[in-house]
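The data blocks that follow each hold one structure.
Here chain A shows up in two complexes: once beside chain B, once beside chain C.
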Partner chain A sequence: MTATTIAVQEVQSLCRRRVFAAFVGMLVAVTVLAGIIGWSSHNTIVRVYDEAVGLLATEGRAAPPNPFLQVPPLALLSNLAIYLPLIGALMAIIVGHLALADDQSTGIGRLLFSRPMTRFGYLAGKLAGTATVVVAALGASFAVGIAALRIANGYFPTADQVGRLAGFYLLSWLYLMTFVLIGIVAVLLTRRRSLALLGSLGVWLIVTFAMPQFTSGLRPTSSLNPISDPVSTSQRFFQITAQARPLSVSEQYKTASAQILETTSSSLGTGPVLRIVPLLALLGALVVLAGVLINRHDYAEASSDD
Partner chain B sequence: MTDSHQRIVALARHEYRAAVRSRVLIALLLIALVATAASIYIAAVDYRSQLEDYNVYLQAARANGIQRVAPSPLRLLSLLRGALEYVAIIGAVVGIALGYLSVTRERSSGTLPLLRSRPVTSGELAAGGAIGAFGLIATYVTATVGIAVISLGVVGHGWVTGTDVVKLAFVYLAAVAYLGAFFFIGVIFTARSKVAANGLILALGLWLAVVLILPQIGDTLDPDNQVPGGLFAALNVGKPHENLILSHFGTYETIRTNLEAASFEKHFERFAFAMTDVKDKYASFSIGHLFVKTYGDVIWLVLGPIVLSIAYVHSFRRPTSPTRGANP
Partner chain C sequence: MGVPAIEMEGVRHRYDHDREVLRGIDLAIEPGEVFGFLGHNGAGKTTAVNILTTLLAPSAGVARVGGFDVVQQRRSVRGCIGYLPADVRLYGHMTAAENLEFFAKLSGVDGPRAAVAETLAFLDCTDLADRRVGSFSTGMRQRIGIAQSILHRPLVLFLDEPTAGLDPLGVRQLRDTIQRLNRELGMTVFMNTHLLSEVAKVCTTIGVLNHGVVVYKDTVAETIRHFPDEASLEDIYLKMEATT
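Entry: the complex of A and B
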C-alpha cells in the first residue's frame, strides 16, 4: 500500500461524505458573493461620487478627486482575502480533522497499519489527498473569479491580472493547508473528536482575531473588512508586541494578498515574498509536528466519536 | 423548596461543575478574556492620554478666566467596543461549545440513561442544564465586565458613574441572553445529530453565517466603509449632505440594512453599542430614549432566546440514541 493509494482513498472518502462538494460549493459561493459585493459597492460609490460632485458644485466648492479612480480591476475580488481566512480556513480544519479522525474512531487506522505501510507514507498520502481537495476547491473559485472579473469589468483579465490572481490563490492554498495541518495535529493530540475540533477552532480564533489585536490593535470587526482604518500603535504596549507582527500570519496573509492583487495604493513596506516566510515556517513546523505525532500515535487505542 | 426545585438545582450544579472541568471550554474562555483584557488595556491607555490633554486644556481655560469651556468629548463606555465584539464573536463560540459539551458529556459517559431511570422529568433535565449553562455564561460576562471596569479605572483613570452602571447592567443582560441563544443552538444541533461532531460543525456553520458573514456583507456594502477614514469625509461632505445623497439610494440601503437585520449578532451589537455610547448619535440620549431607539433590537434579543429555548426543551423529549462508536 502506497501513499498514492491513501491519497486517492482520502479524496474518495471526502467526496462520499459530501465534504468535497461542500468545500467547492462554499468557495464558489463566496467568490460569487465577493464579485457581487465588489461590483455593487463600486457602482454605488461611483454614483455617490457623481452626486457629491453635483452638490458641491451648487455650493461653489471644488470636488476632491474620485477616490476610486486609482482602484485596480482586481479590487473587485478584495473581499476574498477576508472570506478565505474565515470560511476557507474553517472548512480546511474540518477537512484535516476528518482525514484522521475517521480512521481513528472507526478502527480503519488499526487495520491500515496491519499492512506493510510506513507512518510517513500514511501522512504523506493524507496530506496529498487533502491538498488535492483544497487545490480543486480553490481552482473552482479561481475560475469563477476570472468569470466575475470578465462580467464586471467588461473585458477579459490581462495576463498580468491572471498571474496576480493565480499568485493570490497560491498564497491562499498555503494558508488553507496550514489549517488542514492544524486540524490533523489536533486529532493526533487528543482522544476525543470534540476536543480536537474545538481545539483547532481555538487556534483559528487566536490566529484570526487575537493575534491582530495584540500586534496591531485591530478589533475583531476591523479584521473582517478589507479596508480598515489605520490604528494608532504608538503605545509602549505595541512597541513590544509589534515585534511579533511578522508572526501574525493572518495579517501577513491579508497584507500580502493586498500587495499581490494591488488593492492597496499605500506602500506596505515588506514585499509579499518575505511576508510568506512566517507562513511557510509555520506550515513546515506543523508538517514536522504531525510527522512526530503520527509516529508516536497508538492506533490500538480507541478514540471517541464525541 | 419542592422536590422538583431541588432536583433542578442539583442538575444545574452538576452542569456548571462539569462545564468548568472541561479544559477545552476553559481554554476558549481564557482566549476570550485575554483578548478582551488586551483590547480594553489598549483603549484605556489611549483614553488616559486624551483625558490628560483635556485636563490641561481645562486648567489653561480656567487660569485665563474662561467661564464656558467645551465639554469633554471622551466617552468612557465606548472603550468597551472591542470587549463587546469579543463577546459577540468568541463568546458565541463558547456558548455553542457549552451546548455541545452538555449533550456529548451525558451521551459518552452514559449518565443520561441513568438520570432518566430516576424520577426526573425531561423538563427538569432541560431546566437544570439551562440554569447551569446560564450560570457559566453569567460568570464569563461578569469577568468581562469586571476586567473592563477595573481596567478603565486603574489604567484609564476613568471610573464609571451610576448611569454607566445601569447601562452596563442592561448590556450585561443582553450579553447573557445573546450567549444563551448560542448555548441553545449548540444543544439543539448536537442533540439532533447521530454523530455529535457533525452537529457541532453545523452549529459552527450557522455561527459563521450569523456572526461573521452577514454583518460583514452589510459593513462592506456600506458606502462609507469603502475608503479609509470614510467616503464622505474623503469627499468633504457633511452629515446633512450625506443623508441627502443616501436618500437617493433607498433600495440599496434597504437591502443592506435587511441583510444586517437578518443577523442576531447585529441586534446585540446595535443595542450594546447604543448603551455604551460607541455610536456618536446616541451619546446624549437618556436610557429610556435609548430603549425607544433600539426597541427592535431588544425584541430580537428577548424573542430569539425564547424561541430557541422551546426547541431546546423539545430536544430533551426526544429519545436519545448513543453516539455511534462512542466510548463508554
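Entry: the complex of A and C
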C-alpha cells in the first residue's frame, strides 16, 4: 500500500513538473528522427542504385538485383540504439535524481519517515513510479516507431517485427532503468544536489563513452556506431582492456539491439540474452546498493539545495 | 498515573566525530500536556525531537512515545505521532488537498478524502484545499503543515519551531489551533520554540535544555510562582540560562 501510494505520487509529481512530457517529447522526437534518417538514407541509396541501373542500361549492360531492397525493415529504426543511450539515458538520470532529491532537499523526507512506512517501501514506490514513467515514455516511442515503419515501408509491420521491436524496447527499458538507479544512488551518496547530478553524469560519460573506447581497442566510433568487429590493435594495454568488452553494458546494449532488430548482417556469436547479463547484473547491484543506502541515509536533516 | 505520553531516560546523542549534542536527557511528559521545550540555538532541541519522531536513533538511553520504544517499536511510535518540522515544504506542485490525501494514505487513514475534508474544516482552511501549495504564504503553508500532522489524529503532536516566519496574526492562529487540538482532540503537544510569550500563553509545562541537559522542568504556573521577582517567563528563562 505504501509503495503504491509513493509510486502514484511520483508519477503525478513527474507529470506535473513536465518532466514526463519532456521525456516523452524527447523520445518521440528521436524516434521520428531515427525514422526520417533511416528512410532518407535508404531512399538515397536506392536512388543512387536506380541511377546506376540507368547508366548501365545506356551502356547495354545488365544490372545486378537491388541489394538494398534486402535490408531488414526494422533497420529503419536502427539509429534508436544510438540515440537512447545518449539522450534517453540522460533523461533517465534526471528522472531518478528528481525522484529522491526533492524529498531530501525540501525536508519532506522527515515527514515521510515519521509515518508508519518502511524505507524499502519508499524505495520500492519510487522505483515503481519512475519505472512507470520510463515505460510510458518508451511506449509512446514504440507507437511512433510502428507508425514510422508503416509509413516508410508502406505496410503494417508483421507480428514478428512488432515482437522484435517490443523486445528492443524491453531491453531499452532495462538500460534506461539502470540510469534511473544511477541518479537515485548518487542522491543517496551525497547531500548536495549539484554534486549528485554531476556524479551521475560522470558515470553516464564513463558507461557511454569511456568504457566502449577502452574495451574496443580505442575505436573512437564505437561509442556511436554498433560495429561488431573490433579493429585489431597491437597495443598490449588495449588488448588487455578489450578483454573486458563483455562488461561494457553500452556496447552490449547496442549489439544486442542490433541482433534483436536484425539490423546486422554479420554473425555476432553471443546471443542477445547472454549479452544483457552484465546489464542485468549492474541493474541488480544498483537496486541492492540503493536498498543499503536508503536504510543508512540520514533523513533527519535537509540537504543542500545548491 | 498511567503511561507517560513521552519518556526519555538517559538519552544521549553524538553526531559522527562531533561533540555530544544530548548528554543524558531525563524527561517525562504526561498525556494531555502542552509541553514547551526551550533552549538556546544548538542546545539539542531538534535532535531530541528527531529521536522522539524516530528519525534518529539515540547513541544511548531509552526513549518512549505512547509507551512504545522509539528504536524497537518504531512503526508503533510513528502510528501515534504527528510531526511538523521547522520550515516544512510540502509538494509545491500539488494542491493542499492532494498533499494531505497523500499523507493520509501513508498514515493508513481509512477514508483519506473524508479525513482531509474534516481536518481542513477543523482548522478552518477549507478554502485552501484546491490551491497549489507552491503559491502559499508561510502562514498558509504552516496551517496545511499542521493539517498533515493531525490527519490521523495522533496521540502526541511534535512541533519544531512552529512560529518561525509567522506574522503576529499567524502566531495567534497557531496558538489557538494548538489549544483546540489539546482541548478538543486531547492531543499531547511537544513544542520546540523560542517564543516565550507564546509558551506562557499556550503551554502547561516547560522544560529548559542547556547544552544537551534538561536543567529545568515544571508547570508554567509553578515556574512563575517559583520566580516571583521576574516579570515574565522570558526573564525567568534568561535567569536560568545565566545560572546554568
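Criterion: the second predicted complex is superposed on the first by the 272 of 306 C-alpha atoms of A that agree within 3 Å, B and C clash if a C-alpha of one lies under 4 Å from a C-alpha of the other, contacts with A are read in each partner's own complex, and residues count from 1 in each chain.
In the analysis below, a residue touches a chain if its C-beta (ideal position, glycine included) is under 8 Å from a C-beta of that chain, and two chains touch if they have at least 3 such contacts.
Keep in mind the model is a prediction, meaning the values are calculated, not measured.
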| item | value |
| --- | --- |
| First (chain B), second (chain C), both or neither touched by A:48 | first |
| Contacts of A:184 with chain B and chain C, given as first, second, both or neither | neither |
| Winner by number of chain A residues touched, once chain B and chain C are compared | B |
| Which of chain B and chain C A:40 touches, first, second, both or neither | first |
| First (chain B), second (chain C), both or neither touched by A:106 | both |
| Contacts of A:201 with chain B and chain C, given as first, second, both or neither | first |
| Touching partner for A:193 - first (chain B), second (chain C), both, neither | first |
| Which of chain B and chain C A:9 touches, first, second, both or neither | second |
| Touching partner for A:209 - first (chain B), second (chain C), both, neither | first |
| Set of chain A residues, in rising order, touched by both chain B and chain C | 106 |
| Residue ranges of chain B touching chain A (in the complex, touch as defined) | 23-25, 27-28, 31, 34-35, 38-39, 41-42, 45-46, 81-82, 85-86, 88-90, 93, 97, 100-101, 104, 107-108, 195-197, 200-201, 204, 208, 212-213, 215-217, 219-221, 223, 225-229, 231-232, 234-237, 241, 244-246, 248-249, 252, 323-327 |
| Complex interface listing, chain A residues touching chain B | 33, 37, 40-41, 44-45, 47-49, 51-52, 55-56, 61, 63-64, 67-68, 79, 82-83, 86-87, 90, 94, 97, 101, 105-106, 192-195, 197-199, 201-202, 205-206, 209-210, 213-214, 217, 219-221, 224-230, 232, 235, 237-238, 302-306 |
| Chain A residues touching chain C - in the complex, by the definition given at the top | 1-2, 5-6, 9, 12-13, 16-17, 102, 106-108, 110-117, 298-300 |
| Residues of chain C that touch chain A when the two form their complex | 50, 53-56, 75-76, 78-79, 81, 83, 85, 87-91, 93-94, 98, 102-103, 105-108, 148 |
